[in-house]
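Residue numbering begins at 1 within each chain, and the chains themselves are lettered A, B, C, D and E in the order written.
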């Protein structure tokens, strides 16, 4: 079985080149445990999950927030202790999963993507796995830093409705935070797109085209991380489950609406990008046009003049014009007339 | 919770750059209350909503028309008084919502967009939220001026069927007015498109291309504000609700048909725009072609002539032609023959 | 209400610029009444509809064929007398409706489009509204001439099955006549398309491109008038109604098949048009290529020769070649060799 | 009614220009009758269908194979004798029908297309109509030669399963033969496409482009004749009918799979064709590029040299270089240096 | 019947040119039999299938793994012994089948494709047919080498869950191995695509374009071999069958998710390829632009200078400038000024 997993691992590069587990750069796994209801609140940072099940209190929301999914042994332990299917454990470990939702009698498993800039301001997609049970939630974040700091704060300070409501509301808040992050990134991208368009109009270099295509690739990446969310949320809202109260419908539809808006925005970006490529192509043609016009104007004016000069540079013995007193002057006049005629011609053609 | 809303606020710019609440340019919220049936009619302008619930009369249509949605406290008050879900109140406040319809046991919530030119003749999308209850309607308009003046007039003067029919007919009239506004805007756009096409054929400058793309962007904007209407209306017509009589079906289908026509028109515009881009590209190629032809004609005629003149400009001591009496004249004749030959050649190629 | 209609009127221009009611060019409304069964036949031309209801005979097919829909009062009268919904009356009057079918307990309302060439051989779309009741049919034709003359003749001469069958068969015949007209127009268009393609290959001028785009626009127009027919007929065939016998299924499927064929033909036309645009673009490039080749050949041959002539036109005192007896001749020979070399080069490049 | 048919006839040209009935080129209608079961076999060639019904034997498969559908009277007779709906008779006669399947209580009617090369190796589509009843099959082939000779042989020689199974298996065999013919034609087309691609790469003339578009048109033609088969077969497999045994499911799915493969192949061809057009466009640009390079190299080398020669061809009295002993030689040296410099420059630009 | 098969054989070339049975290059058919449960394991290599049925043990998983499908007699024997439908036997034999799943009361038949590089590193698609019965699996591999060596090893060494679970888990493992192979190939292709893009940017030769199109063709090939898997697996998961336990759902969804990921990757590749073609086209235009600029700069600088030189090369007797002492020098100065002016002009145009 392990070999099989290894095989899948090697395909991670196709999907999320940045996020492979293979780096395992000495990052620790951080386990944070919350147990709360409206009146009580408990928070613990755990070193291992040995006695985790004992900490759970049945009439509270029990949230285990794990950052770092590179420790397969730990994940397997959790799987065994909480009766999670082995394939689900593998899905949490191999972080190139597609977004999905999976139903089991005892829990619901959801795979999501979080988006972030890493230290080098490069866009980074991170897998967030979520297990929702009767009175508990497991979240598995692939990478540091913790995406849910603000939710921790909200629980600690009992801000908003979170402490009053049950485990399904926590899931809503988690989804909402992740989706809002996509919003913020897209806003940045909107600004970048405007800047790119500005530059494009002013100076359409080939580099701009490459930038546009890089931009497009990143948009496709974001799209792949948000598009299936639609399906996931739609299934979540239709689901007939013990862990999700009917009153959650309005919250899930709220997140769903935001996802639709994100998808709309991405489609608009794609439309704008394809428009920009058209503009680029046309401005390249246009520049060539301008180059051609300059060449044509210069050549069309001077080639005939040069010919005339050539005529009177011939060495025939019998060329009466050469001996005329005003011959030179009149030829110069003829040339001036030709130049003026040409200029009028170009004006009419709107080349000047 | 408030922080969360703030986050969403910042994403408004992606959607409707013009309409952000953040300006809150000292505009007041105007609350206008109508209560009518076939025989009775009452109209009030309210300063606050404290005693609003008392004004409602059960066997009348009660319409609260609110212009300005920047006052979150006011909206929250309404929410509390009329038992509106907090998320709905947030949706009314954050005016970058997508069009949608949401069902609750006691009311239906609809988000719509109105279209208008602002003072600077720039297209402006404005969010209209609508809550339809048993015998009341709330409308929340994001911006001034009031879009529903003509409906007020119709109610006051008891024109048409409006006073005879119930609250669902009022919703139909509101939808109809909003959809008709899109019609009028699209008519303007049709004229602008024709003008653009005219200019394009006469003088395809790069500026025209940018104008075409700006046009396209605005069409996409309108499309985003009308496309989901189809779904909203389709759901409204299928809905099995206490607040909507069966006899309303024909009215809703009427609005639905108009929306389909708007969508058709937009698709036609998109088709025409893509055709215009093709025409632009081809006329750029065509102009280059013409430039090339002029260059080729001039160069092809004069380069050989210049060569001949060059020949007889050589200083060889032994060039018998130079000493001939008719040498100059015969060379000029040769040149004339070449020119005529070239012109015949170009005529055949249809370049002249 | 009237004001509302006025608003809609102004949007007619987006759809069918030719067919607006606003012209109301002194055309009269012509009302023709038929009442027939297998044995009896009655035909009347009516001036007004005052006693129309009295003319109806219950065991016959009663057909009221009205040409001209600009008289709103008349339409409203019919609506009142025959209990037609006011919105339907408005739909008949405002002739920019989309094709649709609408069910009511007492009748079915269908909006169709007829296609015709007007006096100036311009394509004209005309709205045909149809109301099918228990034993009667109303048809409202927007414009003259009457599209159904041949049906009148068939009824009068009792040709075919028409007199033997009930009111639903009349509806089939009407649909069939309208669809067949589209067939005939498309046949004309097929011929025009072939002619256009012929011209395109022989002489790809920019005018041809504009013609292609005009052609495309008209095809889009026809498409908008036939595409929704598919849905209308599909609904009609699935409908469970008192006015339509089960035995009509095969007739409706027959018309449906024709509509599918029309749609297929239109799609083929669109494919061909986009192919023609590609051919146009490529022949423009090709012509430019040819122009460039001529320029290149001429320039490449003569520029080096002119240079050589220029060399021996220099006035250096010490140029031994100038004094050689065969200098001139040998230089001419060198030039001939260069020309031959060039020609061989161009042959190899397949430019000559 | 006849006039109506006449109208439809005139539209045949849009669809299958080759196959119009109007030619009626003295071809006879050939009627071949088979009646068989596992033990018995009878074959007859009939002149007319007067006593056809008497020939039918109830516990056998009765197959009437008719070639030639131009004799409307004959078809009408069959219709009357076997209780076929008049519209179906018309569909058999007017051979521009779309592929379809139609259910009646007593029989199933199927319209198919056969593909063949005619004498001039031009692709020809022919309509095959098929009526499947309780224990009989009628096949109507539009044109000679008979497409089903091999089936005749199989029945005569009792080869394979055909004599052992019932009437629905005969229908399967007919469908299979027709679909296999499309396979064979597509194989030919695959070879032609490869050859075209070869030629395209070697010598992209405008003629090739026209050939590609002709190819594309024929592919569209085949597509129109196979695409609806998918639907027809899908309906046939889902059909709940007395004439089709449940055990036929696997046979129908077999034909269905072949149709899917044909459609896949056609889509691949379309993809390849659009790739070829791109290659063509790019090789045209490429050739222009090459032409431009030659021109630029020649002009860029010789224009400066010619200028230098021009300088020393000036007649100023005071030009000291002219009197120098090595003036001429040094100028020639300068020119050689320029040429070498230019060649190095072009090498760097990879133009040489 | 055999003739019919022959016909189909000839169409193999359209689909998988490499894999035709017609070669039958003396490869033997290798039959390997496994019979196992958690405690028992038996493996046999068989020469023929005569006593195969006797080897089956009812409470074990019985797997017959056959490599080589060119021996039609053998396949027919299996069909007769195990009651497989003759059409299924033909499907196994003719290896150009489309992916599909077929249900029978006693077994399920699945057609799949395996992907491999052959000896010459050319991509090769191979048909894998699979028959799943109550307690047995038949696999038919078209070509050597055996694709399932690793599964054999896993069974032999009792690694993982395979020996503990029933026949449907074996099918999952087979599907998983095949799908993983596609992953590995796509990873290679991702690398090749990156390399191609690198080359494209550095040196866009026409050869690169052909390479891109070859790449595209192979991607289409892979797409055809994976796209229908989606449908096959979706049907498998929805299937209500005796041979597939409910607990298999999660495994099938796991493979399904991988297939979706493969399809996503392929779509991304297609997007990237179409972007690369655009980049190619634009860099060709760009290179032409650069060529044009060089020509224009050289011509625009030297043509006017040559004209001036030509002026003073005229032989008029009365040209006062020629006699001036500083005439030559001042003309050279004028030329230098022109050159500087031109360079400034080009700088401004950003051509230099």
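As a convention for this text, a contact is a pair of C-beta atoms (placed from the backbone, for glycine too) under 8 Å apart; a residue touches a chain by one contact, two chains touch by 3 or more.
On a predicted model such as this, the values are computed, not experimentally measured, just so you know.
Asker: When you check each chain against chain C and chain E, which touch both of them?
Answerer: Both chain C and chain E are touched by D, going by the contact rule given at the top.
Asker: Between chain B and chain C, two touching copies, which fits better, same or different residues at the interface, with half of the numbers shared as the threshold?
Answerer: Copies use mostly different positions to touch.
Asker: Chain C to chain D: how many Å between their CA centres?
Answerer: Inter-chain centre distance comes to 26 Å.
Asker: State, to the nearest whole Å, the distance from the C-alpha centre of chain B to the C-alpha centre of chain D.
Answerer: 43
Asker: Which chain B residues reach two or more other chains?
Answerer: Within chain B, the residues that touch at least two other chains are 281, 285, 288, 292, 295, 299, 303, 306, 310, 313-315, 319.
Asker: Going round the ring from chain B toward chain C, what is the chain order?
Answerer: B, C, D, E, A
Asker: Chain C touches which residues of chain D in the complex?
Answerer: Interface residues on chain D, with respect to chain C: 1, 3-4, 7-8, 10-11, 13-15, 85, 87-88, 91, 96-98, 100, 102, 104, 203, 206, 209-210, 213, 216-217, 220, 224, 277, 280-281, 284-285, 287-288, 290-292, 294-295, 298-299, 302-303, 305-306, 309-310, 312-315, 319, 321-328, 331.
Asker: Spell out the residues on chain B that touch chain C in their complex, using ranges where they run on.
Answerer: Interface residues on chain B, with respect to chain C: 150, 159-161, 176, 180, 183-184, 186-187, 190, 201, 250-251, 253-254, 257, 260-261, 264-265, 268, 271-272, 275, 278-279, 281-283, 285-286, 288-289, 292-293, 295-296, 299-300, 303-304, 306-307, 310-311, 313-319, 349-351.
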